[in-house]
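Presented below are the structures under discussion, each in the form of structure tokens.
There are two complexes below, and they share subunit A, which is joined by subunit B in the first and by subunit C in the second.
Moving on, here comes the complex of A and B:
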């Protein structure tokens, strides 16, 4: 199945565009060097700065664009352009700065922009690898279905465990009561629960108790297979939540820092004109 | 007490009630007899909250008895109100056991021995009156019931439903959610069920919500004195007697045939067939003078028809001449055509001019005309264009039309008055194969597919004639533009129409070639054994042919051809085909060209398939042909446009669903998260716009249509009955409240904040499904909203190229570029 994704969209249209933009910027940078050296205040610096600022605004507009369902056109092209031009932006602003950095609002804006772009790179990486893994993990099931099946397994296991000696009953009760699936961001990102009671219970149940009666032994086998099935369900549910969290986590940087960038950029522009 | 009446009406159903009220209005001495304790017992036996339909919709109601499509409760309430308003003279618990003709009156004997006489008797007892009961020990226990009034009334019970017919299964299904249900079916399968009931039953069984015993009859019922279950049913199964302890038994065993009873009244029937209808005059009078029969018993099963007949029969009895209820409507239909003649005259003219309509009886013709449009076209008006997606059927009353099958603007055939056209799209459900253009002024009747289907189902001669012409058209479309009229007729008369179920082989690799198969409806896959595996090579849709390769080469079948969905194909025998090829060099060269083309493609495929074992090329190729098989299994073969999601790209952002909901009144029409997956391709729960949409089958307000580009959509006239939801085999229709969505502010969009939802309105739920965003410029929003290009729409024709990766840019949004 070969289809165009966001990278090779329309035969790398926006990659080519980004390359052209960078090349033009470089050529201009090399050809026109002001007498005092490169800096943001030269006319080339203003030119690069203005283009970069407009590009930042356009990048931020993507956040609106992707939720404007009533508009026309396809979002896919926008994302492709967002990625390639966003990458080109790092070079544009670097050239704009003329490699002058310091402890000031201007460099702060620059740093924030880098954070936004780098978090975007990370986002790209997650988009490239996790979807496939998610499908491998879940198959045709969905999370709600898994949770439902875990709840059913819980109910069944508890019922059988009531007919078992106390220590078995306790292990099962603990597994059913204390297993957590994706509670809190940390656990979601991590994808497992330390000392998972479900895993421990399965481990404990792996050794069959000799004191069990024949009747109990038959039930015990059922209980064991339920608990094993339950554990793998729990693992899959956690994995799914992990992938979801990781697919979305980078946005917690990307979006707030975008807002911060807009503010810092505004301050940067005002400062320039105030000191002029 | 009065013993003689002018009119006695037997049966207080819709027809009987209507007659009684009309009689009351005329102040005739009359009596209404009802065998049970309440009126309208059949409707009363419907489940609570069931929608009672008012078909046929076009027919006006002329009786004082009110009736519109509404809930069972509303209908009953309105009727009871009418009864008390008109002070209807009704006698309940009055079961008639005999009617006999005395000298100049009729005598009626009741079950309690009472005898009444009347000048006229109207028999309106329907066909449901005499419910069959369980004639076994214990059949009269209070836990055994013969109807299910309110399924909600039973919770956590074990209920046995006896009877595998529609009513039994409907009852069982209504009970499944809250109860343990077991169905006893005397037959070995459920083959008599309506399709929607059957599919629901299978689904419930898969979910474990219902169980059944086949070839099983109840033997006896015993009362339990202790334990959880009040009764125990002993059932005779093929494996012996089984004990089924339960709370309740619902027996739905159908009704006793009414013919013996009617014959005992002296009423004559035309044939020995048990289902035959009694002989009646145009005023509903039977061969017994003074004895009239109306409603379902007379062969008019629809409530509205019965009500109108109740009115009419009283008028006839009083000697008033009334014209049938639909005459005014017909007059309106004919208002711009033949205005100088009466309705009957025009109908007669239609039957005289159009042989296919002459096969209908007057009642059927009236119904057809009522449901149809009458088109008056001027010369060079286009009736429909090639590749349009309409399915109506046309009969020509006057004028001539040209048919243009290929691209040149030269007419390929001419249609004259009395001919009909549009039959190919009617049978195949596909795009129109040609354009039809008026040559002279024309008068044409345009009939909806639904009406034609019904008539084809009941009029044998019509079906035969349509099939013959459809075969001819299919031959012409597939191979025969250059065939002479004689050749064409010759081929058509000797061709045979064959039907195949999904998965059935038309022919098998290595078989002797038996002829050329023209696919009339449905679609097939062509597959070969390559490297020990079956590889799907092509997907062939209706309007094309298969089997030409062996015909040209004279070798055994090169590949296996299998029906992807239920398919009909026209077979032209090999020797006849060879004969035609010999005489028509054009056909010969067309077949040869196709043959060579196929050979070339197959050679390419073969090389790819058998390329170095274990290498990437091999696995990816086998995935491709398996992917085609998978998609065909998912019913994509009967689709015209299907949404797929590439799970290896999908980032689970749900923008597809949100975009759909946002632009379609708040209810998303696709479920990204469910649906089978193969090789990272998911077929999500979303409409595929089937060739023959299952949802259209049974839509009372006829609210489901197909747009010219193929989109199947539901219009505003939806009444929310849920039939389409049940009929859809792919679960893509849901019932939802539609309300406009608030526009989001810039901030809300930038940060992805959900706007405050509007307070939910109390408007009724209607059926919603994907309409392929037919009213939105730029096409489907689900595809356009996907940021990573994981959502895509494909049509089956583009499927193979798509799956094998040969066409990079798939028909992403287009539905009309084939």
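Moving on, here comes the complex of A and C:
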């Protein structure tokens, strides 16, 4: 039997919990409408707000907890709860707001919370699809294995290119000497590098030079096939880096905005009780 | 012909230089990757035909670049004269002109100084880690956001509250730092000062006090006229509600929702169990107009001055007698009536012929003799036999008596008695004069009730789509003692209680009642000047002040 994952952990225990929480919140919202309409300061609003704040603190604690290798319960269960209750949280705080938005700290805290949750959704999505695509891309290789094969191809290509005219030799030398993998954040996320020397070299080689001698032509074909193989290896290495970058990129937002959310939430609560 | 000694410098396994010597003789010495070159340099960084050494016109040996590049001290050169000691970079090789031994024209050494890097290490060094500087970025972003949020939304608003100088400075500006704490739109009435939070939120962690409201709303009246009862009632209310602040009913920051609560919640908290507030009260418990609202009481003026009133339940029909001082049958003044000018003068009268509305709320102008009666009735009253008729004017009794004394002094007693029993008494109630009065009789002063429901608010304007007689049944009324005010059941034909019913409008307490002024307390405004600043509940504190007389 396949091991349970974070979504169906313990037979969807936290999914059910989240649904129950949402339903209770909705029913309470529909049944108990204050005379002046829904707002955060009614007793229902305070209730939803307090529960939401506690949920935020608990979710944030997950970030601390998962970096420790001790503690209660399986990390998988914590993550499952983190995802499902985090989703429920968006509904709780929306009901807490009573759909009143404005240019103030309260809506700012709400917006930051949405950014945190949405970035979390994206992270969730990446962990759903990219690990499998990574395996498909790499097969049984790892990145160092790929680099080793690229290096072998480099050596072979350079030896053959020694016998080729200057422009071919230069293109091959440039491809071997200047190809880089994941040079910047944008290239890593795109998994593509514009003006890649390897791609340029293959493009140049794809048109046979008419000045070559018969002997050179045979070698030329070898060189071309080596360079094409080499380019596909480079692409796979870049794809691998792209997946790893995308798997981590959402944390660029999830973590800093969580910290910002804690401060904004503190300011929100202080503002409420300062001007009671 | 050039005779050249070529010294190739390589490194042995221990890294020490090894020199191998070779002599070359040729017209030109070519350097390059190509197998046909005199000096074959198998390195991808060398061109097929990189450079050539040849004797130039000046008779000296020159190194001339062909397809490759030559460098001396990192400067690119095309043509280099070879003298002893010259060091030239030919691609990755260093060419040095050595001291020339005999028998040769030229002695050069070549050493590979820039080895090709190891391919694996090379590509590995150019393979970057995913998400470079992620940790640093996250840390910086966190710090910046935390700092910005804390400064704008916590530190500055707090500082404005805690530092008096800053508070005073910011008060001059259109809005303060604490503006970002506002949880919602301010109502239109308060918007002109509302962006300065401190105008209402005068102390941190304290709810808006009534004093803040009273700075402007000085003429607000209490709920109950009797100060002792007011104090007692609100003290009792506070014990189980916690607060009786203005803000309990007037909720700010909820625009466009009305500032005042429109529901019955706060009313029913006391009036749903009114005995818990005041055990001696005669009021009954009320939750809903449709369910347990008692029948109406009508306000009658008792006594001559208008301040004395009596409220009589509509159920006590025998007591519902209006003492207006007029004899007026409504039944004869509605529909087709005979005019004063003979048989053919038939006039159609309706309610609005005499009851003329005025103002937006459609209250009614008082009935006026000249405007409402004269159009049909004669302006002068005739007394006496046909041959000696005397006209008396409509006006004060004194004028009437003067007229009689002047024009018929002999028949004064007779005429005066006629007027008392039939003339003036046709419309007016005539009273015998008290002892010592100069006049033999007097007209009873008119006392027409203007406000039957003095504890409720009723706008005819809101009911203008209805016919008058759907509420006021006067067609059959033979006497002006009749009171034609609608009762609760007739309201309930169109109105329901807290929730709407079929073809009936939902009507809460606020539809008819006003918390502040229905209880005849218009003469007792709360004055903020007299308030004890430590007293939070203004409504409660006003009872300590006797109402203004």
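The rule is simple: the second predicted complex is superposed on the first by the 264 of 276 C-alpha atoms of A that agree within 3 Å, B and C clash if a C-alpha of one lies under 4 Å from a C-alpha of the other, contacts with A are read in each partner's own complex, and residues count from 1 in each chain.
Here is the rule we go by: a residue touches a chain if its C-beta (ideal position, glycine included) is under 8 Å from a C-beta of that chain, and two chains touch if they have at least 3 such contacts.
Because the structure is a prediction, the values reported are computed rather than measured.
Q: Answer with first, second, both or neither: which of subunit B and subunit C does A:255 touch in the superposed model?
A: Both partners, subunit B and subunit C.
Q: Report for A:54: first if it touches subunit B alone, second if subunit C alone, otherwise both or neither.
A: neither
Q: As a test of reading the superposition: which chain, subunit B or subunit C, is in touch with more residues of subunit A?
A: After superposition, C is the partner touching more of subunit A.
Q: By the touch definition at the top of the document, which applies to A:208: first (subunit B), second (subunit C), both, or neither?
A: Neither partner.
Q: With the two complexes superposed on chain A, say which partner A:19 touches: subunit B (first), subunit C (second), both, or neither.
A: In the superposition, A:19 contacts neither subunit B nor subunit C.
Q: In the overlay, answer first, second, both or neither for which of subunit B and subunit C A:75 touches.
A: Touch status of A:75: first partner only.
Q: Name the contact category of A:161: first (subunit B only), second (subunit C only), both, or neither.
A: Touch status of A:161: second partner only.
Q: Between subunit B (first) and subunit C (second), which, if any, makes contact with A:244: first, second, both or neither?
A: Both partners.
Q: Is A:275 touching anything from subunit B or subunit C once the two structures are fitted on A? First, second, both or neither.
A: Touch status of A:275: second partner only.
Q: Based on the superposed arrangement, let me know which partner A:150 touches: subunit B (first), subunit C (second), both, or neither?
A: second
Q: Please write out, lowest number first, the residues of subunit A touched by both subunit B and subunit C across the two complexes.
A: Comparing the two interfaces on subunit A, one with subunit B and one with subunit C, the shared residues are 244, 255.
Q: Tell me, which parts of subunit C touch subunit A in their complex?
A: My answer: residues 33, 35, 42-45, 47-48, 67, 116, 118-120, 122-124, 126-132, 134, 137-138, 141-142, 145-146, 149-150, 153-154, 157-158, 161, 178-185, 197, 201, 204-207, 251, 254, 257, 261-263, 265.
Q: Which of the residues in subunit A come into contact with subunit B in the complex?
A: Going by the criterion above, the answer is residues 1-6, 9, 60, 63-64, 66-70, 72-76, 78-79, 127, 130-132, 134-135, 139-140, 142, 244, 247, 255.
Q: Considering the complex alone, what residue numbers of subunit B touch subunit A?
A: Interface residues on the subunit B side: 623-624, 627, 646-652, 655, 658-659, 662-663, 673-677, 679-681, 744, 746, 749-752, 777-778, 781, 783-790, 792, 803, 805, 808-810, 812.
Q: In the complex formed with subunit C, which residues of subunit A make contact?
A: 35-37, 39-41, 100, 102-106, 108, 143-144, 147-148, 150-152, 154-155, 158, 161-163, 165-166, 169, 172-173, 176-185, 188, 237, 241, 244-245, 248-249, 251-252, 255-257, 259-260, 263-264, 266-267, 270-276
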